[in-house]
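Here's a structure for you.
Chains: A, B, C and D, in written order; residue numbering restarts at 1 for each.
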Amino acid sequence: MTDTANIDVNVDQKLKEAYFTASQGQLIWTRFKKQTAAMVGLGVLALLILSGIFAPFLTPYDPTIAGRNKDYMNGAPNIPSFCDDNGCSLRPFIYSYDRTRSIQTNFRWVTETDTSLEARRYVVFFTQGDKFTFAGINFSTHLFGVDKGKIHIFGTDSTGKDIYSRTLQAINTSLAVGTIGVFIAFVLALMIGGVSGYYGGWIDSVLQMITDAVRTIPTIPLFMALAAFIPETWSAETRFLFISIILGFVGWPTLARRVRTHLLTERNQEYVLAAQLCGARAGHIIRRHLLPSFTSYIIVDLVISFPYMVLSETALSFIGLGLKDPVNSLGVMLQQVTSADVLLNYQWYFIPVFFFITLVLAFVFVGDGLRDAADPYADTKK
Amino acid sequence: MLQFARFTVMRAGLAFFTLIMVSLIVFSLMELVPGDCAERYLSFKSSQGSVITLADIQAERVRLGLDKPYLVRWGSWIINAFQGEFGDSCILRLNISELLGQKFWLSLGICLASLLLAYLVAIPVGIIAATSKNPYLNNSLRLVSYLGLAMPNFLLALMIMLFSTIYFGDTLTGLFSKEFRDAAWSWDRVKDFLGRAWLPVFILAWSATAFAIQTVRALMSDEVGKLYVVAASARGVTGRALLWRYPARHALGPIINSLGFDLNRIFNELPIVALILTLTEAGSLLIEALARSNDQQLAGAIIFMLTAAIVGINFVTDIILALTDPRVRRSILG
Amino acid sequence: MTKPLISVKDLTIRFKTDEGLVTAVEKVSFDIAPGEVLGLVGESGSGKSVTAKALMLLNPDNAVYDSTSSITLNIDDKEIDVLSLAPKDRLIIRGGAVSMIFQEPMASFAPAITIGSHMVEQLLIHSDMNQVEAKELSIEMLARVGIPDPAMRFDQYAFEFSGGMRQRAMIAMALSTKPKLLIADEPTTALDVTIQAQVIDLMKDLVSEYHMAILFITHDLGVIAQTVDKVAVMYLGTLVEKGAVRQVLRKPTHPYTQGLMNALPKLDELDQPLTAIKGDIPSPLDRPTGCVFNTRCPVTLGEECETRVPVYTSTEEGHQVACLLVEKEGASA
Amino acid sequence: MSEPLITTDDLSVHFPVRGKTLFGPAPVVRAVEGVSVHIERGSFFGLVGESGSGKTTFGRALLRAAPITRGSATYSDGDVTYDLPSLKDDDLREYRKRAQLIFQDPYAALSPRMTVRDIIAEPLEVMGLTKSRDETDTRVREIAKKCRINLEHLRRFPHAFSGGQRQRISIARALVSEPRFIVADESVAALDVSIQADVLNLLKSIQQDMGLTFLFISHDLSVVAHICDHVAVMYLGRLVETAPTRELFAAPRHPYTKALLSAIPSLDPDDQGNVQKLEGEIPSPTNPPPGCKFQTRCPHAIDICRQEEPKLSHMGFEHDVACHRWEELAE
């Protein structure tokens, strides 16, 4: 009896010591873990990011025109199944199909599926397919495919490109645009907000006026005006880079304001004064006190501003000013749902929309959770 | 009173300065874009079949004053802009103020209506979210407001349009029915306008509401936890009086303060929504100028006017705050 | 014998937190007679503010009152069970018969509402006065608490008042409904010592004028000595000693009260070294078992103090102490 | 009489008020105005005043953490002598080793992102006082032991500690560079009574052990009376009275000191104190009254007090007072 009590006390003591020796990062993580919504968001986000990064491997086909299926344009999703009238199989399969278009069908594609046993196309894993380059090495292995013909689990678009492959690729692109945009905005914000907050005084006043002026300009119209002048001759990659850069350039003022506010509050903390009274130079104070106290806030800010970058990119691509084929982005994917035809006949075009919404929601929830977890007053609010 | 007048003048000066800064930024960006108005117009002409020589371009440049130094051109542009005169459009060759005229005000009206709608919804909902102790209600309100962020306006617009096309046979697009499009203002035209304008207003308000709910909720949560609310309930103030007279009233200041930036956000969405709903009367010029014809004169004018509207709103809200909030009044009057 | 104005019995308050239930106040009992001033002394975390707020049901929603707890208010021959008051009946304890003044007068006035408007609002809630009468009475009250030019001050905001004036206005407001019990939560702590003296003087005057009872909460034994009739000493949510002010301050009996007295720098005994109480105040999260003071007690009996909760022993008429040592001495004597 | 460690003469600190003034000269807060004191080596010098008296600013000016507008301040510990207003770079850094500050708020003064060991070691590393990590660790341990910090706690973060423990960490950090002069700014004000005594005793014993000189800033006269040898009283940026502790508490001369003393509530319920209650409140330092700064609240103010500012006059053994009427009032 007393033994177990002692063990309990020991465990208790260990837990306490762990809490006492936990750094700020660990404490934030502990608080973050308590929030179910944020944890779910984080899981979903991690999944989406990973599938974006490993898109070439996870998807069976090349997402550009090179990987198109000429025989299956505007094709409905093929859902693999295990059983049908002809019995069950341990390996999931889809059916072969035959598509025809003639005057009898009003020139629409009509798909006839052959549900016979012989026409089954079995799903195979780690199959060889389109070549892709990942981390500088050429691969041709894909997670799955079918033994004959092609499989399109999200269907295909009007040119026969696999929507599943395009979607994962699009996530990758949108994340990349967002990352570059956020990074540029962040560097600008850190420089301008940093100078403003660290020096204060009239430098601060002038920089604040400029920041405020930039903040009042509605960014998307401005952005449209700029993007409209992108020469048609630019390659898709150049466009991609240019758009990310513009996103960064219009996104900095809000971040800069926050950097400045953090810096101003942090700079006046007593422990910074204590370091100054030790004779610490500016470099030491920035490295040892300002930056560490800052990173948690900055990470929160970055995560929160990320979905807006993705949204802006989407909006631009949506009106046709952003990215173009062969670069896939979520905005490009979203643009394709704009016709009534899609809603009536090709509803699978909407699948990427759900990915998009999920991605933004995941970011927002993670950002929110991080903000609450990093809030030093979160404990006292209870 | 004198101090207040001084504050107003100073604040107006600041607004003026902001506008000048903005004009410089906008003007410079327009300048950075490759090609100038003369080239653009003449290349447009040449695509129409006229034969254009380099000398023609040069002559056109001189005519438009494009040969003058950058700062001089900016100076004359800004002076004209403050008189509401933006010169002629590059491509359309029409006077921009005439071209924009009513259309700009219609756009502004729609945006302001969306802002109003957003806060009409967001204030009660935000207050409920901040004060309710029901975790389910709280979480579902949160999810809805996040959906407002994650579901972009253009998608929503598209969905509504497609559904209405399919189920009602009416695209709900445009701001006027055909018969009223070019008619003079009349009561019927107003009715027609209102019957159609609600959709863009609703769509623009959609994500604005989501933002506004977040703002209201955060501000209210801050205020609700303050000691003066406890003190008020210790004096027997209860129910709605405790909510409205105390935290809500004090959260109002920052909300009013943020109106200008909310308007900014709505302006951001305007061109895209306008494009989808083919709001030809109000938004087409924007799209036309910004995205299609590369008309830098027109684009500059539109962005400048939008920004001027925001700066104007910011000015007005600051004055309102100074008039209504004793704390702000005190910091101004010293 | 007259009934006490308010009678608190076995008040136990726990807070629901992520770490489980945290006990803030345990088995606190005291009475306040009409016109009597009771001082509640304790350091941070002692639960004195939580106790006071319980009298007005002002604790946040995660506070749980133990079922054995009772707070009874006797007003005009009526017994009011405070803890079971329905929300609509709470006016009597919220500014009616019970009023409260807070430690930070700046934070307890809404910043964008005038002082006068606060006062009128309260009067309109608690009396059948009209706007004009309420304003007249409010200005009268402001004048009574020594605020110069009250008619002008009536229309000002809290930030236009100085610290001392704010606390005076707070007192004027609390008294305007003529409460039977005034709860004063550290009313002078945020003030400078010369201003504190003014406010204490004012409160003493008002007590005799209005004949109301006061629950005076503070951590400052000097303020207690100058203002109250009876004292209750709290430590970590428990009342360790209570009695008349002269009894407790002249013959402190509980080791904690003794420790507090010894730790206090006294102007008339400059040569006496200060004796600190060893250790730190434990967090309410790990409240000691047995006697709550056993972790810091200089005369602890060891295991017995760690396991058995002491009961109150009377050392003299009206002077009660919760300490096992005193219990034993009492038994042997 | 031993040598002074700190000598100030007519020391003044003015701050411009940041605000919206377009026209006319910016208003100035005269936080400290013409203060002259001697702080003897090895003494525990108390500085008392209410909020707005400028006591904190004065302490910070001596550490060069607030700008000295006018007057002189000299530090002289026998080895070196520094003229504080003109200290530059190297000398300033050298001075920082000799003069340190202990803060009021034990929560704000410790970086939440550093372990206790790192916090205490920071001055050593910044000043380059130790050569190796081992040496640093040894020094940290020594000082931690002196400040009664559990050595096992060195790897913890500040959030693990209560106010009293944090204050001890703060003290350890101030002492680790072995300074000669410590400014303790309201260092026990935020602590509970039972903890406060412990920290006061610690400060006193350390001062005696290490032969330090303390400038102890406080609003609490009884604490000052207990721990200090010499007390100076400030009011609205001015020094109004300074004397050895015993002398000051036995025979206060300035009406403000008297009022301050009588305002302390006595622990004896039957001792209502000799009535010396002050009317009104301390005026704003942006707009101080003319003449004697205390005249608006002084019960003895006469015409001269409203017109002329009294000088600090030497009235006895180390006892100075700034009052026009102290001689009449003493009778």
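As a working rule, a contact is a pair of C-beta atoms (placed from the backbone, for glycine too) under 8 Å apart; a residue touches a chain by one contact, two chains touch by 3 or more.
Note that the structure is predicted; figures quoted are calculated from it, not measured.
Chains making contact with subunit B as well as with subunit D: A, C. Between the interfaces A-B and B-C, more contacting C-beta pairs are found at A-B.
Inter-chain spacing, taken between the CA centroids of subunit A and subunit B, is 28 Å.
Chain centres here are Cα averages; for subunit A and subunit D they lie 55 Å apart.
For subunit A in complex with subunit B, the residues that touch the partner chain are 37, 209-210, 212-222, 224-229, 231, 307, 311, 314-315, 318-321, 334, 337-338, 340, 343-344, 353, 356-357, 360-361, 364-365, 381. Contact residues on subunit B toward subunit A in their complex (touch as defined above): 14, 17-18, 21-22, 25-26, 29-30, 33-35, 139, 142, 146-147, 149-152, 154-155, 158, 162-163, 165-166, 225, 260-261, 264-265, 267-272, 275-276, 286-287, 289-292, 294, 296, 299-300, 302-303, 306-307, 310-311, 314. Of all residues in subunit B, those touching subunit C in their complex are 133, 226-228, 230-238, 241, 245-246, 249-250, 253, 325-327, 330.
Residues 56, 58, 61, 87, 90-91, 94-96, 99-100, 102, 104, 107-114, 118, 121-122, 125-126, 157, 159-160, 173 of subunit C are the ones touching subunit B in the complex. Note for the complex: subunit D touches subunit A at residues 63, 65, 92-93, 96-97, 100-101, 103, 105, 108-115, 119, 122-123, 126-127, 153, 155-157, 159-160, 173, 177.
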